[in-house]
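These notes concern the structure reproduced below.
Order of writing sets the chain letters: A, B and C. Residues in each chain are counted from 1.
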Amino acid sequence: MSSEAGTVLTMRAIGKSFPGVRALDGVSLTVAEGEVVALLGENGAGKSTLMNILAGVFKDYEGEIEVGGQVAHIHSPRDARRHGIAMIHQELNLVPELSIADNLFLGRERALLDRRGTEARTAELLRGLGLDLSPRTLVKQCKIAERQLIEVAKALSQNVRVLVMDEPTSALADAEVRRLYGVIRDLTGRGVAVIYISHRLEELEEIADRVVVLRDGRHIGERHRIDRDELIQMMVGRPLGEMFPRAAGGSTGEELLTVEGLSVPGEPGSGRTPLREVSLTVRAGEIVGVAGLMGAGRSELLESIFGVHRAAGGAMTLGGRPYRPKSPKAAIRRGVALVAEDRKAQSLVLGNTIGFNVGLPSLGRFLRLGVVAARRANAAVERQVRELRVKAPGIRFTVGNLSGGNQQKVVLAKWLLTAPSLILMDEPTRGIDVGAKAEIHALMSALAAEGKGVLVASSELPELLAMCDRVLVLCEGRVTAEFPRGRATQEAILEAAMARRQVTA
Amino acid sequence: MNKTITTITVALCAALAAACASKAPAPSASSGDKSTFVVGYSQSNNAEPYRAQLNLQLQHYLKKYPDIELLPIADARQSSATQVSQVQNFITQKVDALIVSPTEPAPLTAAVEQACAAKIPVIVLDRTVNTDCYTAFIGGDNVLIGKKAGEEALRLLPDGGNVVELRGIMSNQPQIDRDKGFREAIAANPTIKIIADREAKWLKEQATPIMQQWLAQHEKIDLVYGHNDPMALGAYLAAKAAGKADSIKFIGIDGLAIPDGGIRAVQLGQLSATFIYPTGAQEAAETVNKILHGQPVEKQQVLGTTQVTKDNAAELYKQYDLSGQN
Amino acid sequence: MTAVRTPPPVKARGENRMRRTLSALGAAQAYIGLVLILAVGIATKGEIFLNETNLTNAVGAFASRGILAVGVTLVILTGGIDLSVGSLLGIASMTAAMMLARFSLEPWQIVPICMVVGAFFGFLNGAGTTWLRIQSFVMTLAMLSVVRGLDRQVSDNVSVGTQIAGPDGKLTPQAEAFQVFGTPGHNLFDRIYYPVLAFIVVCIVFHLILTKTRFGRHVYAVGGNPTAARLSGVNVTAVTIAVFTLSGMLAGFAGPIDAAYSASADPQAGQSYELDAIAAAVIGGASLAGGKGTIAGTFVGALILTLLDNVLGLNAVSDNWQLVIKGLIVVVAVVLQRPDLFTFLRGGSRS
């Protein structure tokens, strides 16, 4: 089979097995020069495995790879690099303690370091991406969005022909996504092929030339025209109802949480945004959204309510009584739960079982004479896990082996088991496939209907608009706007989120 | 948080101050005033009972000379590198005489030569160095002691028998010498056989399980030869537990006059005999005094040993026990 | 719930069962080494090796280090390390001997005192790692040195015997009773060798604490992911201080055993025991990264180390080769515990 004109990459009948799992089965993929191909599928569909094979992460696999019409033996990241293939992983692969320049040339340094040369080249690449950073800046000082672009710069520095981006926008706010698109268009203009993995269907309409759908390790089909409903059906293998099922204007009850003039100092080294006199209320049965760009202080707000950071000023009440949590432990005791932003880093002990993770915050309820009543605890965990339809063979299954959506459900199960009255959710659907996303949205509605208060931070505006009774907008640690349901629009929220000048006065 | 740090800092400072206060005042070893002399001693490792005893004795005997001041004993804690720098410190302080018990011969040779070049008289105590540039060497003869132990074995086993040997750390010179002397002596009676030997690293708690294994393996063990008393006593504990302590003889070396030492063990009948490994402290004190007052000294002073038996144990203990005198 | 999920396909369920069996095997791999050593022991020195006295002696010789290993396992589970346990055992052993020699205390009084001494230094380890935020490796390395220095200071570098004779030349009643803690040949009720019993009881108690209590779960959570643990309401500082204190307390508990075993407390007692303790935990499957390991594993690891020593000794293997073999065992044990062992082995032959 000779390659057709312009085809830069052909993957043929690729297969890969892990112990007990057939991750990929005879998947083929071709990509042309300057083309953006989106790879779509639920978590666990095999997208990441396919791309990891291409990037040389796995030593052995079945099938054949051709680059530029020639058979390429890719069995290590080095091989991939030699063939001009670069991958930007979902978990960015940068060394935080090294400078941008050092990161860009990591593994390709000359024996005697050429500092000036690499820094000059780095500065040039950064400028090309519109990044105003010194090459000597340490990566740990850069924001997530900047790190993403540094990864792109790293790929560009290697004369890349095929660039793989695994969920590049999952950590980005809308404005930053725009900038990334600009960069991608610039790249394709230069003939670079881009393989793009994302869960955000609305993005694909804008950026992808072609969409390839995988399911259960198999190639299901591809489309040039993006039809959301059809793609979702291909991904999940069944039609999906309304994505955001919340009915408008549910009745709300008493004030559950009030926050008055909450101020929390930032932390210089870690890039934590300070909160300045934030006030808000959450009523029982209400879903309140928190919008804002990266670094606006959304996570900091939720964490401060959860007792992670010590407040410097302001007052809170919970259920009518004063509330001043000095640790998460104290917050949990008052019936508050936090579904944290990064489930792997902040919420789960990945190496342990579902039962262990779900039971962790509520063990106190199952103590008898200091001993955990295992049977009772397990039964409760099992019930909760079943209720949330976590796809797993049992509660003794290791959490690290679950897909992202199921991991998030484990996190939710863990917090629901504490029977909270107020649930704080930070990016509850990030990096999760459509099916699980819909389930989590349904769950949020159900919780509100039960009379619990929900405070949810998200960078996906459509999600906030559809789910929330009210949306607060944060910018640089201040509340810059508040919209009731129905009056919030994407444009209005974005404007408030970027309202820097108005508020600095 | 700040309070905690303050508290801890204060506590640390107090501890430091206390530690400093308990030390002797830092000497200003002025070379002009020769009515008193300052002597430095670098010990290889304070934590060995034998060396602790040596330290005690040296302090005791030097007290007899009011014009000699012994600086706080420097403990090299088994590290040659530490010891070299300690010797160099003494040279910088311009001590009037230096006593060194080397950890290892080779690394300390250069340091001793430096002292020699600085015209500081050096007494090498217990272990040797690879240079002639010292004023006197004082030490025991481990080959001789091993030989005496072997002769005692010949006496205890006239009809021959099975011997097991617990060795010190294999690379230590005393281990090599004590093994050599013993084997030379027992060669006189070919019916005496060493049926097993293992390294127990001079330690009692290492010797016990080794002896337990030997007792399980060998029908007949007649004599245990330990390169030091603790190892011989560790073997004794194992044999006693197995009910065989009475049919086996135990020989050790060192003969320290401390409650937990070899002389007492002989007195109690646990060891058949031990051999005093002389500390040389008394000789060292005398030699230092002579050197500082310009009298001639003998360059090689090899010390003999005394066999400790049930008969002379009580007397020897009294002679060497310094616990009440310092 | 609007979305109706199809139940997982049968094939996936079968795969999961297979994966579960594999991971169960992974836990069993720690035992392979033990079985191998037992087999070698029986094959080469059958009746000598497989005999109650020999096995009791072998386990007894390692009991104090085994108890240290339990404490070290707790610390390792939280993602820390405790290098000071050898020194803590040393000072506890010295404390025991001195309490006996100077104050003629009864054994039942000596043990709690030693445990308090150990727990005190262990607490300082915990306080340093949490409140002063010193890495546990550094903190306990410093403690190793500090406590050894104190031990040598209080003992004047002279070992202290525990077989104290009264005026009549016989052992004092306290010294007589103290021998039960481990002087070879002295048994509890004329039957049970106390060090072995103590080691087994400590293992059982801490196995139950780790598996049955909230504290145990919190230990695993802190080691597995400290951030997640904190956000789940776990008091990470308290748990960390508690494991170091417990580790110190266990070292204190092992002190009298060590003193009785040698019938004396040596100022060098316990030196480098921390390495044996860590080796036992690692052979037993504990991961220095934290969150992974069991007391059962550590128990097996300790048995492997001591029985290996016994088998090699009975076969008169030279000390130099013993060192080589022990080192190799650690590596083999760790490789055997890789969950992906079979893929790892197959990976080489397939490509």
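We adopt the following convention: contacts are C-beta pairs under 8 Å (C-beta built on N, C-alpha and C of every residue); 3 or more make two chains touch, one makes a residue touch a chain.
Which chain is which protein? Per UniProt: A = ATP-binding cassette domain-containing protein; C = Autoinducer 2 import system permease protein LsrD.
Just so you know, these numbers come straight off a predicted model, no measurement behind them.
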{"item": "Chain closest to the middle [Cα centroid of all protein chains]", "value": "C"}
{"item": "Most widely separated chain from subunit B, with each centre as the mean of CA atoms", "value": "A"}
{"item": "Inter-chain pair with the most contacting C-beta pairs", "value": "A-C"}
{"item": "Gap in Å, rounded to a whole number, between the CA centres of subunit C and subunit B", "value": "33"}
{"item": "Gap in Å, rounded to a whole number, between the CA centres of subunit C and subunit A", "value": "42"}
{"item": "Separation of subunit A from subunit B, taking each centre as the mean of its C-alpha atoms, in whole Å", "value": "68"}
{"item": "Subunit A residues counted as touching two or more neighbouring chains", "value": "none"}
{"item": "Residues of subunit B touching subunit C in the complex", "value": "1, 4-5, 8, 46-49, 51-53, 55, 170, 196, 198-199, 203-205, 208-210, 212-213, 216-217, 230, 233-234, 237-238, 240-243, 258-260, 268"}
{"item": "Residues of subunit A touching subunit C in the complex", "value": "18-21, 59-60, 75, 238, 240-242, 245, 306, 308, 327-329, 331-333, 338, 340, 345-352, 356, 359-361, 363-364, 367, 370-372, 374, 389, 391-393, 396-398, 401, 414, 435, 438-439, 442-443, 446"}
{"item": "For the subunit C and subunit B complex, residues of the former touching the latter", "value": "45, 48, 51, 53-54, 57-58, 61, 101, 131-132, 152, 156-161, 165, 183-186, 258, 261-264, 266-269, 309-310, 313-314, 316, 319"}
{"item": "For the subunit C and subunit A complex, residues of the former touching the latter", "value": "1-3, 5-6, 8, 13, 15-20, 22-23, 212-214, 217-218, 220-221, 224-225, 227-235, 291-292, 340, 342-343, 347, 350-351"}
